[in-house]
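Letters A, B, C, D, E and F mark the chains in the order given here, with residues in each chain numbered from 1 onward.
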Amino acid sequence: MKQNVETFLGCESGYADAKIVLFGAPFDSTTSFRPGARFGASAMRHESFGLETYSPYQDKDLCEMSVFDCGDLELCFGSPEAALADIEKKAAEILGDGKMPFLLGGEHLVTLGAVRAAAERYPGLHIIHFDAHADLREDYLGARLSHACVMKRCWDLLGDGRIHQFCIRSGEKEEFAFAKEHTDMHRFGFEGLSQLTERMREERTPVYFTVDLDCLDPSAFPGTGTPEAGGVNFQSLLEAILLVGKTNIVGADVNELAPMLDASGASTAVACKVLREMLLAVYGE
Amino acid sequence: MKQNVETFLGCESGYADAKIVLFGAPFDSTTSFRPGARFGASAMRHESFGLETYSPYQDKDLCEMSVFDCGDLELCFGSPEAALADIEKKAAEILGDGKMPFLLGGEHLVTLGAVRAAAERYPGLHIIHFDAHADLREDYLGARLSHACVMKRCWDLLGDGRIHQFCIRSGEKEEFAFAKEHTDMHRFGFEGLSQLTERMREERTPVYFTVDLDCLDPSAFPGTGTPEAGGVNFQSLLEAILLVGKTNIVGADVNELAPMLDASGASTAVACKVLREMLLAVYGE
Amino acid sequence: MKQNVETFLGCESGYADAKIVLFGAPFDSTTSFRPGARFGASAMRHESFGLETYSPYQDKDLCEMSVFDCGDLELCFGSPEAALADIEKKAAEILGDGKMPFLLGGEHLVTLGAVRAAAERYPGLHIIHFDAHADLREDYLGARLSHACVMKRCWDLLGDGRIHQFCIRSGEKEEFAFAKEHTDMHRFGFEGLSQLTERMREERTPVYFTVDLDCLDPSAFPGTGTPEAGGVNFQSLLEAILLVGKTNIVGADVNELAPMLDASGASTAVACKVLREMLLAVYGE
Amino acid sequence: MKQNVETFLGCESGYADAKIVLFGAPFDSTTSFRPGARFGASAMRHESFGLETYSPYQDKDLCEMSVFDCGDLELCFGSPEAALADIEKKAAEILGDGKMPFLLGGEHLVTLGAVRAAAERYPGLHIIHFDAHADLREDYLGARLSHACVMKRCWDLLGDGRIHQFCIRSGEKEEFAFAKEHTDMHRFGFEGLSQLTERMREERTPVYFTVDLDCLDPSAFPGTGTPEAGGVNFQSLLEAILLVGKTNIVGADVNELAPMLDASGASTAVACKVLREMLLAVYGE
Amino acid sequence: MKQNVETFLGCESGYADAKIVLFGAPFDSTTSFRPGARFGASAMRHESFGLETYSPYQDKDLCEMSVFDCGDLELCFGSPEAALADIEKKAAEILGDGKMPFLLGGEHLVTLGAVRAAAERYPGLHIIHFDAHADLREDYLGARLSHACVMKRCWDLLGDGRIHQFCIRSGEKEEFAFAKEHTDMHRFGFEGLSQLTERMREERTPVYFTVDLDCLDPSAFPGTGTPEAGGVNFQSLLEAILLVGKTNIVGADVNELAPMLDASGASTAVACKVLREMLLAVYGE
Amino acid sequence: MKQNVETFLGCESGYADAKIVLFGAPFDSTTSFRPGARFGASAMRHESFGLETYSPYQDKDLCEMSVFDCGDLELCFGSPEAALADIEKKAAEILGDGKMPFLLGGEHLVTLGAVRAAAERYPGLHIIHFDAHADLREDYLGARLSHACVMKRCWDLLGDGRIHQFCIRSGEKEEFAFAKEHTDMHRFGFEGLSQLTERMREERTPVYFTVDLDCLDPSAFPGTGTPEAGGVNFQSLLEAILLVGKTNIVGADVNELAPMLDASGASTAVACKVLREMLLAVYGE
């Protein structure tokens, strides 16, 4: 008899064979508005069995891929620095074994841990960032390690022109001004993405791909801490993921599902499908 | 004094005069993921009073149609075969009286009961099927009478080229392969529908029209057991219904509303409006 | 120490300096289907802190505007006439001080109070009305002061050709017939709006702008008493608001958010963003 | 074929044979806090099928009683006076036919309509009132016809010593002072009830029995507009109902279930059981 | 690296060492009213991490016990007979290995599978049954394998005087009459339980212990398909469990948690605590 | 015109005159299970208008007391130490002005800030602590500033025999062992409270009174992060509050309401009533 095992749908490879390693970061201590993203990773695993492993969009099947799901990290609530250190360590270990870390948030701050590890290994790292919010504040109510600052902290590491932001439709005036000077921000949608990914593909740029699910419109994805009207629909996001999947992805994450906020379960179902399509798209040949 | 009576909005004709007969099949015992569709028919009746009888889309009014609502069948939970037999019997009775049976599910398996009756009466029957899921499995966890197999069971009855599927975006690899050989599957949307209905209209093909409401995107319709991102919006569905309404409909159903899953009531309201538009569209002159 | 104060985000001007004055009308006693709009104004204030004051759509910031929020009126439940009198009095006072009244509903009937005050002051008043429902009934179950009659009551005041209705997709046959003769009704969407606002702008027409949030599709806005499928999305509504903002607005309102009906909070978040964009758009130079 | 009919469980007698006549008053326009009681009567009917007709507490069965359920009145939202007039008329008709009116609210104000009819017919009428709230205000925000004033309005009709209040644990200081002089108020629970009902039984006092379900503790009954901690549990309420059932009941009601406020359905299930036990208790021999 | 593993709190023994074996039966196809018990076992595991392993009531700790959790069976929805056969087989295997099967429902019908296995092995088996409902119907809408008939089916196996029922407060008149002749029914509460368990203890009677969580009052446990007012509170249930724990338990189950029906999570938390206390109580020395 | 002001019901004194000062601490970053207590203070204010100012239990009226509500602190999410420093500073300021600080949580950790200030001013301080959980862990997943450790941190300040715990029914084995040596723990209920408060009253012991609302049973109070069955009911808690109110209270708090977890609103209503009774009880003559 085997013990009860819960992984994301179809991610049943052993670690040694795996090309991608999923791990969860159930952390939302800096969420300023409505918490609950801590339950996102676990909900995606739990509800993934409502999905099929096969994607008719990509004509690929998760069953034919080698993905290992090592479950959730046990993170210290109330200490962002300790949580980020644990995430960075895990991501570094996976990268060190020649595999791709794929992080399931949690709030968006968790991305910083994985980006630190990826930037250490790939000094030329770029970030492709889908989000409703610019996340470029210097601090938030005094805290520099906050979900509202995560891209600013990534910029601290990577510098100008390395962060490519899409779907952004919310932020302070100063964040938009900062973006004009220092990041490659595309407001409201995905305009410019195909040119960018084409260029990255040619240059074999190492890319970290981070998806804050609130880039979706609240109609498609109400189950998130800070829903922001005016977002993209699922089909647009899917097309964008397929474009990004053609670049040289070295790490990825999906975050900000707060499953309890959408009792219908539709947001969790959407998140599962986004994750399936991301896994299939970034897996490579 | 009259006793309390609850029918779908404006469906207050007597049986003798009725051209369409509504009946509910509150059954969801084979639902594999999230049950609740058993409450769909009752919720549609109950909430229909938030709607108007008049459709500005079709410039028609339910008050001017003769529709009889005979309420819900009392079905045996836990026995799909018994439930299907009861549904088939009721549908056959309505067809025998020269009226159109219009079934309110319930899970999608209930369609099989009505299709059996319709195929008996109209040997040349075709099915127009709107759904997110292919429903073409041979069996599901050992059960051949399951919502995930309903179109396969219909194919057992009707054979190749008689099932026309639209909006399909989920299924196992094998289901899509089967569809290529045996059904007329249109993935993701309604492409090809107008040509099909045009041809059917000319040939006076007898059509059974089945709508699984999860063909809609979860943004428009979260209140269903297995929401599947990437669906159509209400306007597209409405246009498709108007196209199908021009064919020779001999039976119809709408199913998979699970009202408790969407506490906002919006899914039920959408289902009511879809049902009103379907009734007006298939009523004929 | 100051006492606890809750205003809509960024609306912290004093009364004397204010150009716009927000006030809430927590009234829903005539709501025939699902009540709860009484909590709309309060929820918008309370949840507005999830938004930014800055709009990237208009490149304007609420912090740079002078808006005063005087909180909710204390209205008598169960007496529509008394409630309307109180609303009219408050709106008249604000107009008398040379400021723009901006009413937060509440059910749509509250609009009538503000329109009475505005029509008194601006005899040439026109109304721009975004709504799913025609609201043109003569009476509803015997009541002439009902949300379902509010535009008919406005027409009683203003007469033919002064009410411009958009997004209308629900009503009795008689309401659509009435509209053909007496109002300027645009069904389903915003077709014709840019021509209308262009003309109004040239003629400096005084405009009262009323937005029933159920003009939005239920996918974008389920949290309302009578969700009606087939509505516009947020982007379309935003563009329409920007068009209307170029006319000579003398009063405005936004209504029919019933926050408890959408436990995800997404509807409230959408309403807050609509309100921010309306405030920025109608503020003028 | 019969049309779809929904009555409260087991209440399927014809009108002529009935000893008790159920009718619903879906009205909550004066509710000052959280509306929704308008859906109470309909929810009780709809969910009653989760109950049995047999009571092991009383060893009686609803199937052996003659109760007619004539459905819900169609009341004018927004006009308390009109609604009360309709309720009074219906109750008077039932009383005139020698039957007992049993009203399903709705907010508590609806009781006044039935009490008016009963007091007209039985000049010596007393009221037994179970409630968390005294409901003895002279007016509420200016309205004299408000749920918060209903017992004061009954007192206007009946005068001192005719209203017997139990479970009261909320009210303004003035209401408690008024009660000391004019009503027979028993705070917090049912102390004194057995003596009262014994005396009434001997004197054959005609009794109107009104149960505001918020007399129950919020743990047992959260689904109500104004839950008030410190109430009785179901067993205590049941015993009290059995005591009252031994008096000469000429009319009764149960009110203030707001089913949407308790999504678990437990409040509705409790209300159904209270109603079953009340019907069995007041039915007499 | 280990794969993600989810067991009930503290149940991390290997199979070989285990004295108790937990297994889930996610089945609710015969539920006649509100389904959802299929999610009960999984929710208990998932939410058990909000509990401690230590019980101050029993001064025992789950960490010091050897319990193996083998996860959920994969059961065929829509076929009660097939599901029962799978459950019986699993229970028989566990019993055959000299361990105690502990079943997590699911609807109450699942008990029949485990009772069949236990009665096969222990011909003198008695059942202690806590439930709101008698479950003694001969059939339900034609089905003999229904949750409403489960104790009748157990009686078919065991015969008179072997089923000891407590807390029963709902059923048809016939069920109560049947119980008088054939079972040992204690209505409403636990009266008589201490005498019974004392006697069983002396006689070393082999006992199957089945707890339908709806024996609890809906105030304590709203998250169940058919909440029935008038139940016991948690403390009473706990004391009863401790009494039963002193008998010779050979199999046990806990069922009818429908977690989605109580969005507050309190019902699931209560179920977890009941399960912890049952495990500690039946574990023996 | 005055701006919109939201205080807790009846707490409308100015600061200078106030004897008690309410302030909110919307913090829940260390909550390990289900967050949401950050919304507690705000929800209590917002929903308090469903209550009366008058208590029939104490025959006192909040309108006759002088209580100032200074709203919520703006705390840094993600930094427990910074949050505690802000709370301590505010409490010290209030104490320095000769007033009683009354803190509205937030998670239970916030108590530590106020206790630090009170212990500084009153070196002989004792704590009376009502809670389901012992909160005596040395650290939780590495964090020493966690809600699960708050009483241990208070003990670090105050030492043995100064913390009096009631209703405790959950904790690790080690916490109960620690309590035996170092605190005055009363498990499950309020046994021993009247003797304790009698003695404290005689000795004029300065008391800090902290109420974690999860001391209540989940039936009475499901809206909290970690509901724990087996708690006290409202009446017991009320009696206990009245006893404590007779001691020399120098500071108090009420915490752990997570309003979104109980959508019925009943938990918030209970919390409001507990707060009203606490204010009236601790106010003194």
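The rule is simple: contacts are C-beta pairs under 8 Å (C-beta built on N, C-alpha and C of every residue); 3 or more make two chains touch, one makes a residue touch a chain.
Chain by chain, the UniProt names read as follows: A, B, C, D, E, F = Agmatinase.
Please read all numbers here as calculations on a predicted model, not as lab measurements.
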>> Applying the touch definition from the top, give me the chains sitting in contact with each of subunit C (Agmatinase) and subunit F (Agmatinase).
In response: A, D
>> With touch defined as above, tell me whether subunit B (Agmatinase) and subunit C (Agmatinase) contact each other through largely the same residue numbers, more than half shared, or through different ones.
In response: different
> Counting only C-alpha atoms to place each centre, which chain is farthest from subunit C (Agmatinase)?
Replying inline: E
> Any idea how many Å lie between the Cα centroids of subunit D (Agmatinase) and subunit F (Agmatinase)?
Replying inline: 38
> How many angstrom lie between the CA centroids of subunit A (Agmatinase) and subunit D (Agmatinase), rounded to a whole number?
Replying inline: 55
> Mind pulling the subunit B (Agmatinase) residues that touch 2 or more other chains?
Replying inline: 34, 217, 219-220, 262-263
>> Chains as vertices, touching pairs as edges: which of line, ring, star, complete or other describes this one?
In response: other
> Name the touching chain pairs, please: which are they?
Replying inline: A-B, A-C, A-E, A-F, B-C, B-D, B-E, C-D, C-F, D-E, D-F, E-F
> Of all residues in subunit A (Agmatinase), which touch subunit B (Agmatinase) in the complex?
Replying inline: 49-54, 56-57, 61, 217, 219-220, 233-235, 238, 262-266, 269-270, 273-274
>> Under the definition above, what is the set of subunit D (Agmatinase) residues touching subunit F (Agmatinase) in their complex?
In response: 33-34, 168-173, 176, 187-188, 217-220, 222-223, 226-230, 261-263, 267
> Considering the complex alone, what residue numbers of subunit C (Agmatinase) touch subunit D (Agmatinase)?
Replying inline: 28-32, 34-36, 38, 74-80, 82, 140-143, 145-146, 260
>> Going by the contact rule set out above, which residues of subunit C (Agmatinase) touch subunit F (Agmatinase) in the complex?
In response: 1-7, 15, 42, 45-46, 68-72, 263
